[in-house]
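Both of the next two complexes hold chain A, though its partner changes from chain B to chain C.
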Partner chain A sequence: MADFLGVPLPALLGQLMLGLVNGSFYALLSLGLAVIFGMLHIINFTHGALYMMGAMLAWMASAYLGLGYWWSLVFVPIVVGAFAVVIERSLLQWIYKLDHLYGLLLTFGLALIIGGVFRHFFGVGGQPYSIPPELTGAINLGFMYLPKYRAWVIAVSVVVCLATWYMIEKTRLGSYLRAATENPALTQAFGINVPIMVMLTFGFGAALAGLAGVLAAPTTQVSPLMSSDMIITVFAVVVIGGMGSILGSVLTGLGLGLVEGLTKVFYAEASSTVVFVVMVIVLLVRPAGLFGKEK
Partner chain B sequence: MNTKVSIAYLAGLALLVAAPTVIYPVLVMKVLCFALFACAFNLLLGYTGLLSFGHAIFLGTSAYVAGYVIKVLEFGPLAGIAVGTVAAGALGWVIGSLAIRRQGIYFAMITLALAQLMYFIYVQAPFTGGEDGLQGIARGSMFGIDLTNDLALYYVVVGFFAAAFWLIQRTIHSPFGQTLKAIRENEQRTISLGYDVDRYKLLAFVLSAAIAGLAGALKALLFGFATLGDIHWHTSGEVVLMTLLGGMGTVFGPVVGATVIVTLQTELSDKVGSLVSVIMGCIFVFCVLVFRRGIVGEGVALYKRMIGEKVH
Partner chain C sequence: MSATEYLRVERLHAFYGESHILHGIDFTVRRGECVSLLGRNGAGRTTTLRALMGLTGRRTGSIMLNGREIIDMPSHRIAQLGVGYCPEERGIYSGLTTEENLLLPPRVGSGGLSVEELYEMFPNLAERRHSQGTRLSGGEQQMLALARILRTGARLLLLDEISEGLAPVIVQKLAEVIRDLKSRDYTIVLVEQNFRFAAPLADRMFVVEHGQIATEIAQDELAGRMGELQTLLGV
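The block that comes next holds the complex of A and B.
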C-alpha cells in the first residue's frame, strides 16, 4: 500500500476528505457572516446557534413529523431564515446607528437565549440522525473509498457558495445589494428599499447557517452543544480570510478544513488549535487578513 | 479621584468592612472577585473602547498558576497571588500585542479566538488537571494570619480589592488614563496628536489582564480550586454582561453589575438549571436595546436631570 510520510495513503485521503467536509461548514458559515457583516455591519454571534438550530430542526422534523432529510434540506433553511428575519425586524433594526460592538453584544445575548432554550427542552445528549438511503455507502475510486455523503456535503456547499457569489457579483439584485452596502442613503434615494434588502440579507445569511446545520446533522451527534465552539472557530476563519471578499472567505474556509484534516493525521493533539495558530501567523505576517485590504 | 467618588469609595469600604456581620462572607468575597474582574475589564471597554471578548483567560490563567504555585510548589498564598497576577499580565502582553494589530470588531473576535486557543491548550496541558481542574488549593496563612478562617480571608480579599480598585481609579485619572479616553473617543485624532496609540492600548491591556489575574488568584484561594469553567468563553461573556448592566465607563458600575449578576446566578442556579443562560441572554438584549448606560449610568443621568444639568 502506498505511503506518504509514513501515513497510509487511504488514511491520509480519508482525513483530507473529512477536513474538506469540516471546511465546507466553515465556508458556509463564514460566507454567511461576511454577507451579513457587509450589509449590516454586525458580527452575528448567533450564527453558531442558528447552525445548531438547523441540525436540531432537521432532527425534530424527522423525529416528530416523520419528514426525511430531503424535506429538511429545503425547508429548514427557510424556517431558520424566517426566524432570523423576525429577529432582525424586532431587535436588530434598532441598533444599526450605534457602535458596531453593540451588534456583537446583542447577538451574543441572543445566542445565549437560543442555546439555553434548546438545552432546556432537549438536554445535552446527542441524537443520531441517519444519512439518507440515497447517499449511504461509498464509491470505490481505486485508490480510496469515497463515502457518498461526504462528497455530497462538499459538492452542495461549493455549489451554494458559488451561487451566492454569482448572485451578489453578477445579478441585478446583487448590484442593488452592493450599492446598498457602499452607500445606503444614496441607494435609498434611487428608490431601492434598503431596509428590505437588509432584512433579506440577514435572513439569507442565517439560512446558510441553517443549511450548514442540516448538512452537518448526519455527520455528527445532533445536540444543543454542537455549536458552542463552532462560532469561535468560524470567527478565527473570518479573521484569517478577511470579510471583504466572498470567494476569499469560501477558499479560506475550505483551506482551513484541509489544514485541520492534515493536522489530525500528523499531530492529532494540535488539531483543535491549528486554526487559531494559523490566525496568529496571519496576524503577524498580514494583519489585514489573506483577502482583506490594507486600510 | 474627585470628591464625590472619594466619598463613595470610603463609604463603600466602610460597608465592606461591616458586611460580614450581616452577610455570609464567602458570597461577598465571590462578588468582590468578580467585581474586580469586571473593573479590570471596564478599564479596557469603558475607558479605552476596546472590547476584549476573551478576558476569562486571564482570570483562569492566574487561578491555575496561583493554584500550581501554592499546591505543587508549596509556596504560600502571597507568592501564589503574585506569580498568578504576573503570569496573567504576561499573557495579556502576548495576546494584547497580537489583538491590537486589528481594530474594532476584529479586536473582539481575535481576543475571543486567542482565548479559545489557550483554552484548548489548557484542556490538554498536564498541570491544569484537564476536566477535573486543579483541586485542593490550600489557603494557608499570610502575614501570620490563618486564612482557613473565612473572616480572616475576607479582610485580606477586601484589602486587595480596595488597593486594586484604587489603582484603577488612579490610572483613569492620570495623564495616561486621559490618553486612553482620547483613544476611545477618536483614535485617528490621538495618533495625529503624536501619541503612540498602540503602546497605550497595549499597556492598558496588560494592566487590565493583570488585575483580572489578581481577581482569579483570589478566587482560586477562596474556593480552593481552579477549573476549565474559569477560562471558558461563557465567563468572558459574563464579565461583559456585568460591566454592561452596571454601566460601562462608570467607576462603580462594574461593581454593581457584578453584585447583581453573581447574586442572581447564586440564587437561580439550583432552581432553573439551563434557563440561567436564557435569563442572562435576556438581560444582555435588554441592556443593549434600552439600558445602554447601565444601572449606575442611568442613576447618574437621573441625578443630573434632577439638579437641572444637561444630559447628552
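The block that comes next holds the complex of A and C.
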C-alpha cells in the first residue's frame, strides 16, 4: 500500500477530503461575511446563527412538513435570506451612519437572541438528518473511496462561490455592487437604488449562510449549538484572508480546511488550533490578511 | 412658472451636520440654457450642486425640477428624473474599468449619446477602455466623468469644476464639448472657479458668496460688468 511520509495514502486522501468539506463550509460562510462587510461595513455576528438556522430549518421542514433535502436546499436559503432582509429593514438600516462598532454589537445581540430562541424550543440535543438517498454511498476511485455526499458539498460550494465571484466581478449588476461598495453616495446620485442593494446584499450573504447550514445538516448533529464552533473558526478564516476580497475569502476557506485536514493526519492534537496558529502568524506578517488591502 | 423654466431653486438652505453652509440660494435655469455658478473657494457652489442632488445633510427651501418639487427626494429618485451629476472630485471608481465606469449610470431618459458617439467624442477613453478607471490621467478621468452622464439621457447636467487643474488643450476640448452639448439642447449648470472658461459658455452667470447668490450677470452685460465680477471673484 502506498505511503506518504509514513501515512497510508488512502487515509491521507480521506483526511484531505474531509478538510476540503470543512473548507467548503468556511468558504461559503466567509464569502457571505466578506460580501456583507464590503457593502454594509458590518461584521455580521449573526452569521453563525443564520448557518444554524439553515440546518435547523432543514431538519424542521423534514420533521414537521415531510419536505426532503432537495426542497430545503432550495427554499431554506430563501427563507433565511428573507429573515435577514427583515432584520436589515427593521434594525440594521438605522445604524449605518453610526460607528461600525454598533453594527457589531447589534448583530452580536441578535445572534444571542436567535440562538436562545432555538435553544428554548428545541433544546441543545443534536437531531439526526440523513443524507438524501441520491447521495448516499461512495464512488470507488481506485485509489480511494469518495463518499458521494462529501464530493457533493465540495462541488456545490465551489460552484456557488465561483458563480458569486463571476456575478460580482463580471456582470452589470456586479459593477453596481462594486460601485456602491466604493462610493455609495455618488452611486445613488447616478440613479441606482443603493439602499435596496444594501438590503439585498445582506439577504444574499445570509442566504449563503443558510445554504451552508442545509449542506452541513447531513454531516453533523443538527442542533442550536452547531453555530458556535463553526463561527469562531470562520472569523479566524476571515482574519487570515482579509476582509473585502471575494476570491480571497473563498481560497482562504478552502485552504484552511485542507491545512486542518493535513494537521489531523500528522499531528492530530493540533488540528483544532492550527487555524488560530496560522492566524497569529498571518497577523504578525500581514496584519491586513493574505488578500486584504493595507490602509 | 414660465414654460421654459427647467430648474427653480428658492431659499435653499443646506447643512453638513451642524454647519449651516447655504443661506438661501435663489436662481433659475431655463430649458436649454447654460448657467455658471462662479465664486471664490468655499463660497458654496459645490454644496449647491450637492444639495440639488440630495447629497448634503438637511436641506430646506424649494427645488423645482421641470415643475416637480425634489427637495425631499432621495438622490437616486432625483437622478432618475433626468439629472446628471459630475462631481468636483470626478468620482471615478477604482474598482471598475474605464468602460464599466462609462456604463455604470443607468438610463434615466431617452436620447442619450451612444457609447460609440462618446468614444468618438473622447478617443482616449476608447483606447483605454479596459484600464482601471483610476489609472487614467487627470484629463482622461475628467472626460470619463463627463462622458458617463451623457450616455444616460439626463437633460440637466450639473458639472463641478470640470476645467480644474487640466492642461490648456484639454480645457479647450472640454469647452468644445460644452458648446456641442448646448447645441443639442442640454440644460447645464457649470460650477467654475475659472471664469475665463465659463464666461464664453454661460448664458448667465451667478456669483455665489457665503452661501448666497451675490449677483447675476447676463452674457450681454459681461463686458460692462467685468470689473465688478473680478472684484467679487477676487481675481
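Assume the second predicted complex is superposed on the first by the 295 of 295 C-alpha atoms of A that agree within 3 Å, B and C clash if a C-alpha of one lies under 4 Å from a C-alpha of the other, contacts with A are read in each partner's own complex, and residues count from 1 in each chain.
By our rule, contacts are C-beta pairs under 8 Å (C-beta built on N, C-alpha and C of every residue); 3 or more make two chains touch, one makes a residue touch a chain.
What you are looking at is a predicted structure, and each value in this text was computed from that prediction instead of being measured.
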When chain B and chain C are modelled together on chain A, clash or fit: fit
First (chain B), second (chain C), both or neither touched by A:Arg172: second
Touching partner for A:Val194 - first (chain B), second (chain C), both, neither: second
Included angle at chain A between vectors to chain C and chain B, based on C-alpha centres and rounded to the nearest 10 degrees: 90
Partner chain(s) touched by A:Leu162 [first = chain B, second = chain C, both, neither]: neither
First (chain B), second (chain C), both or neither touched by A:Ile78: neither
Touched partner set for A:Ile95, first chain B, second chain C, both or neither: first
Partner chain in contact with A:Ala185 - chain B first, chain C second, else both or neither: second
First, second, both or neither for A:Leu284, with chain B first and chain C second: first
Lowest inter-chain C-alpha distance for chain C and chain B in the superposed arrangement, angstrom: 11
Shared chain A surface residues [contacts with chain B and with chain C]: none
Residue ranges of chain B in contact with chain A within the complex: 51, 53, 98, 101-102, 104-106, 108-110, 112-114, 116-117, 120-121, 124, 233, 237, 240, 244, 273-278, 280-285, 287-289, 292
In the complex, chain C residues that touch chain A: 53-55, 74-76, 78-80, 85, 87, 91, 93-96, 100, 103-106, 108, 149, 152
In the complex, chain A residues that touch chain B: 37, 43, 91, 94-95, 98, 100-102, 104-106, 108-117, 119-120, 229, 232-233, 235-236, 238-239, 269, 272-273, 276-277, 279-280, 283-284, 287-288
Residues of chain A touching chain C in the complex: 172, 175-176, 178-179, 181-183, 185-195
